[in-house]
């Protein structure tokens, strides 16, 4: 089994902390996770609106690169933390397997670029890899400062779970909850864990998008969550960065830390706060402070 | 409805199907009752059980001009006669090997378990198989008794191939 | 090369009759062209067409031609042989030829009904006719054997369908074995409060029939029992029934309940199956007051004696007749019957499978079957509908189509849910005066008095929202929603998404095939539809028959059905069984295998191939021999016989080979 | 329009496009569209249906009936956040999200979309960035988007931008892959194939699935 | 009255059939006395021209062994057919195509390539493939044309009777010769051997279990055959149940399984197909994987089931697509 890390654009900018914390966690677990060399954009949801076929072809190039980089290891997986990339790549994988005509066209396109079609490269989310490949036992064994006492709202968002993921239930996923339990944290039972955060609408039609984020933030706070844990760069961005705007819009205090699940993992495993990108968070971090005293690092807060 | 069911031009494959009375033949009747249109290329020969199928029948069908042969029987465990379909499966697996070695493409010979309720599967399998064989093209088995002259005059391999294209 | 034996007696004279089937065939197949084609086939002396070959004048055509000596073999090109083979064999026989000098070409189900293009249909019809002509030219006269039909009947399942079928047969003087898996008969109907649309009390109309079963001298009632083995064929089945030990002697128990009173468990502790787990029972119990037989049963899974061995068994002491018998063991009964009626019923859909409806997650969400018990005066709450906290619900949402009309669960409509939802809406409104909301996709009320009942409910001020409920959860958007269950749905008639807060939710679960339906169908050698329902022989013309002669279906095991339909079908199944019994004998298809002893080399290949042990090896002459009475006619041995010494009547190698030649050549 | 007139009118059959449904159904698995029973599960599951001028269920009905203009002009597809709730729960397995994309693609091609909605602009900008560089650069994407739709917004977001910048979450670098030539020839071939498909399908009255 | 004229000819064969004639031992003398041998290239110095010079139908009976796979063989058997009253296909190769018939899984080009280009050779660099015609300084040289497909005798000329076996058993030859010489002619097309399977004559017939099943296929080269037990029951592929008797079960006597040289009974059209049907029926497995595993233990199914009868089988030869792409060349 060989894993290759596919970052996508977000993990190189707004989601940098996700990248940093995930690589730190995998490093601490001794799982090599080299980056896919010369990866290109997954096509994302926006691309689908222009040309689905082009989006598939873009994904297929990544598969070819992965097969190339894996040097013949047939069991190669792209580890894709971004939900949109995960969906886009997975969709391409599925459609190529379900529609031979499509596969033929893509093969032609790849050939024109001197690449070979690699339809065996699997697309995996780090949640899936951590729970199903690495295992919760190993995670628990690495915990040095338990998150006991912390109540987290696991928020999965849409596209990791729907419609293609087969590693968890599509309406009531539990993978992230199980990880949090392994870290010692309590998880919130709430019905909104896969409800949309607004996605890219927050950037385009702000009032519509932020309303969805507001519903999530409010319900998490109402139910007494200390922190919202996410597994998607856009979810994290929407839920964290618009808190002030939302507060103003709805006259409601919705301040609650929003972190990546890998950051909490890193904290519980005693990794350096900076290595986990904690300093890149905007929202206040009382919870995080409580769990792990921030070592050095510049003070950041709003 | 599939396009296969409507195609009237070009090569029309001829497929002989051996269906067991209790499951697949009944399923084909059901497809009819439900008016499921499918490719007109299959001609069904009814046997009581897929276990009745002697490999000679399959070969005879090919010899008589079939481009494909389909066997339909009850699902494993469902045989009306307890185990006839298992015998069919054993013969099929062995025969398939021999057919392959004899150069007959795999798509031309197929066994499917189709239960009495699976009219839609009859439709799907027949359409699929017709399409597959349409792509493979006609099966021209070499006639057994070629007019000997065809051989005597053979000069090149190309001609030999042409000679094989004759009709038995 | 080998020379085929000439098995035809004289030159065959074949008559080909092509049926229009009204326009069913004639619309797709060019009849005239087909008749001309048939007339030119080898040995064909007569080729005719007719509007309906299966009609009397159609059959008469065949008979006249045979009588006139024009033909001695018959091909009818019409519908499926499964439909009319018997009809035309009879006609052939009536005309004076052997009935087996007949072959059918299926140009309706296999041609006209499934082919788009008219020319292609004509070509295919010709091929099938040519095949039949080739085949029939090698047919030989055959004789059918008759075997007597055993007059007793086995009925499997003691719900309303099984009860009704048993009583009908028993009243006609036939002996019936009624086998029920549970400790009592009654099935689902015994659990219902009222029945739609008349709202008469379910128990009131069912229990007299249950008692009648118990009392009827012609019915042997075996509850707590299961069929474990079936052998034989129509008219002659041998059935094995496992009687599970109930640890209470049925003949001695008087149903006085003293044993239950005496049990070391002072109160019920284990989920009561009859009440859907909404109440508790003791390890020794009687499912409900009208249970039939009214005999206690001990559940060894929960009984202290069986669990620990340390119980003092006060139940046994309390029983005056001494009916409690801890040493009872399982018993296997073997009976001979001539026919079987399967009435094994259905299973309610498991609502937890639709996660977004929150069943099992939130309190106050019930399935319809649970509500039946909760509104039932004999149920766990004495008929009072209360919420978990004891309050009466002020609003109740009834969600239709749970586990029905959904490709993710069951694609079919369960047929009864609309009506029972209306019934429950009425009962809930009546008992609690709550606001009742029905969420439906389409309202289906096809039945006598059903639409009228719907109208009655509309007038009773029940809310009807057309839309499939998307989700049910407990997060409030506004204060008014707090503390309620929120039903989110699009009101499709208005085109707006609504959030309806309610205190209680009823999930109208659909009907599913029994989880062991597949095992049962294998036992009885019948088929299931892909949803798991037992498959009838013909959806319209043989709705209670199966593809296995002598096995009939009644009730919801064949598909979702309400009570009137179950009863009607049970009566029909009983009538089919009676018809078979009164006929007295059945004719067996003469398609058995036979050994040509002259050429059998005694190689043993066939012996183990036969699943019925019908072939034996006669050592003295070194030949195999087929026992015609045991042979079922599958032909597997014939295909296996390495030297062609075995052949099958109606399906000889030559006949099949000729059919292949016919189907491929000539077109 | 007078107050009492309402927005509705009699819909003449001749104004509808009978091919529209077929066009949409030509996406992989799209023929399930015709199995719709109008149950409304999609709309009920949709977190945004209350913002839409037509609920997703209505859009499906309109596609089937041939209300092409109305569908293409509708806000509904542009409000779809691709959360796939409808697709997963549809009792007839209709890939509603994919259908929304199919509608979007036709709308973009025909340049019919609500002017106030920047979603198609975002898609277009994104497309351009990826086509040229193989990667998207979030910062540039957003800046260009704001610039093209609502430059004022850029100032409104300045505070957030500053916060992100300070924390190293904004990068002004335009990221690019090394082997852009590969990408170019892949996309070129796809375009060529698409043209061939278009030509083959135009006879059948369908638009190609792209 | 002159003695009946008899001809012997061999086509694609190993020569074993000729041996068989000689194997008649003293009896051959009787035959030789009773007839006039007019043509027998193996033993006597007659030439083709001698036959050509005879009147049509003047040979009483021609015994032809070997399969037909070249233009020369075809010319010769056609010639003999014209000159003979009776033609007897002698031995498995003439009867069913025989072992040379297994070449029908290849085509000519593949065979020539294998024989002349790819097989190891002491003279390197030789890339000559024989041609039917070549002009050398001395003039034009010709060779008979090798056919693509091997034929049984009756696929090229009309055959009156068949003497099956590889080679035909002496007693059957004797009986056939006597019958014909005495003018007791059987029905045309008759196979001159009993029409019943070999199991009947098998010395191990009593040891056959009622429950005949095969859990594993064994090869005689890997396992020792119990000389006292039914060979098939031991898992060795004995085809005695499919094969016509008449050979006296000599192979079984020699503790080797029957390979089917006598061909099928008259009720079976395709020896290999029927053998597969019978043998597969005995496989002791019901799921695809297990069945496949057991069948994997069977080496070369075509060669096994069609060892003597591929050209006479229903399929006749491996299928070659009209475009020339032979999917069958590997074996």
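Order of writing sets the chain letters: A, B, C, D and E. Residues in each chain are counted from 1.
Keep this in mind: contacts are C-beta pairs under 8 Å (C-beta built on N, C-alpha and C of every residue); 3 or more make two chains touch, one makes a residue touch a chain.
Keep in mind that what you see is a predicted model, and the values were worked out from it rather than measured.
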Chain labels contacting chain C and also chain D: A
Intersection of contact partners for chain A and chain D: C
Remotest chain, chain D as reference, centres from CA atoms: E
Chains most often in contact, by C-beta pairs: A-D
Middle chain, criterion being Cα centroid separation: B
Most distant chain from chain C by Cα centroid: E
Separation of chain A from chain C, taking each centre as the mean of its C-alpha atoms, in whole Å: 50
Interchain centroid distance [CA atoms averaged], chain B/chain E, Å: 30
Distance between chain centroids, defined by C-alpha means - chain C, chain E (Å): 57
Multi-partner residues of chain D (at least 2 other chains): 89
Residues within chain E bordering two or more other chains: 268-269, 274, 277, 281
Touching two or more other chains - residue numbers and ranges from chain B: 54, 56, 60, 83, 87, 91
Touching chain combinations (by label order): A-C, A-D, B-C, B-E, C-D, C-E
Footprint of chain D on chain A - complex, ascending: 9-10, 12-17, 38-41, 43-54, 57-58, 60-61, 87, 95, 98-99, 102, 105-106, 108-110, 112-115, 158-159, 162-163, 170-171, 194-196, 198-201, 203-206, 208-209, 212, 241-242, 245, 279-282, 300, 302
Chain B to chain C touching residues, read off their complex: 1, 5-6, 8, 12, 14, 16, 21-23, 25-26, 28-29, 31-33, 35-38, 40, 43-49, 51-54, 56-57, 60-61, 64-66, 77-78, 80-84, 87, 91, 115-118, 123
Residues on chain A engaged by chain C in the complex (per definition of touch): 169, 171-172, 190-192, 215, 219
Of all residues in chain D, those that touch chain A in their complex: 27-29, 47-48, 51, 78-79, 81-85, 87-89, 97, 101, 104-105, 108, 117-120, 122-124, 126-127, 130, 134-139, 142, 145, 153, 160, 163-164, 166-171, 175, 177-179, 181-183, 185-190, 193-194, 209-210
Residues of chain C that touch chain D when the two form their complex: 356, 401, 405-408, 441-442, 466-471, 488-492, 495-497
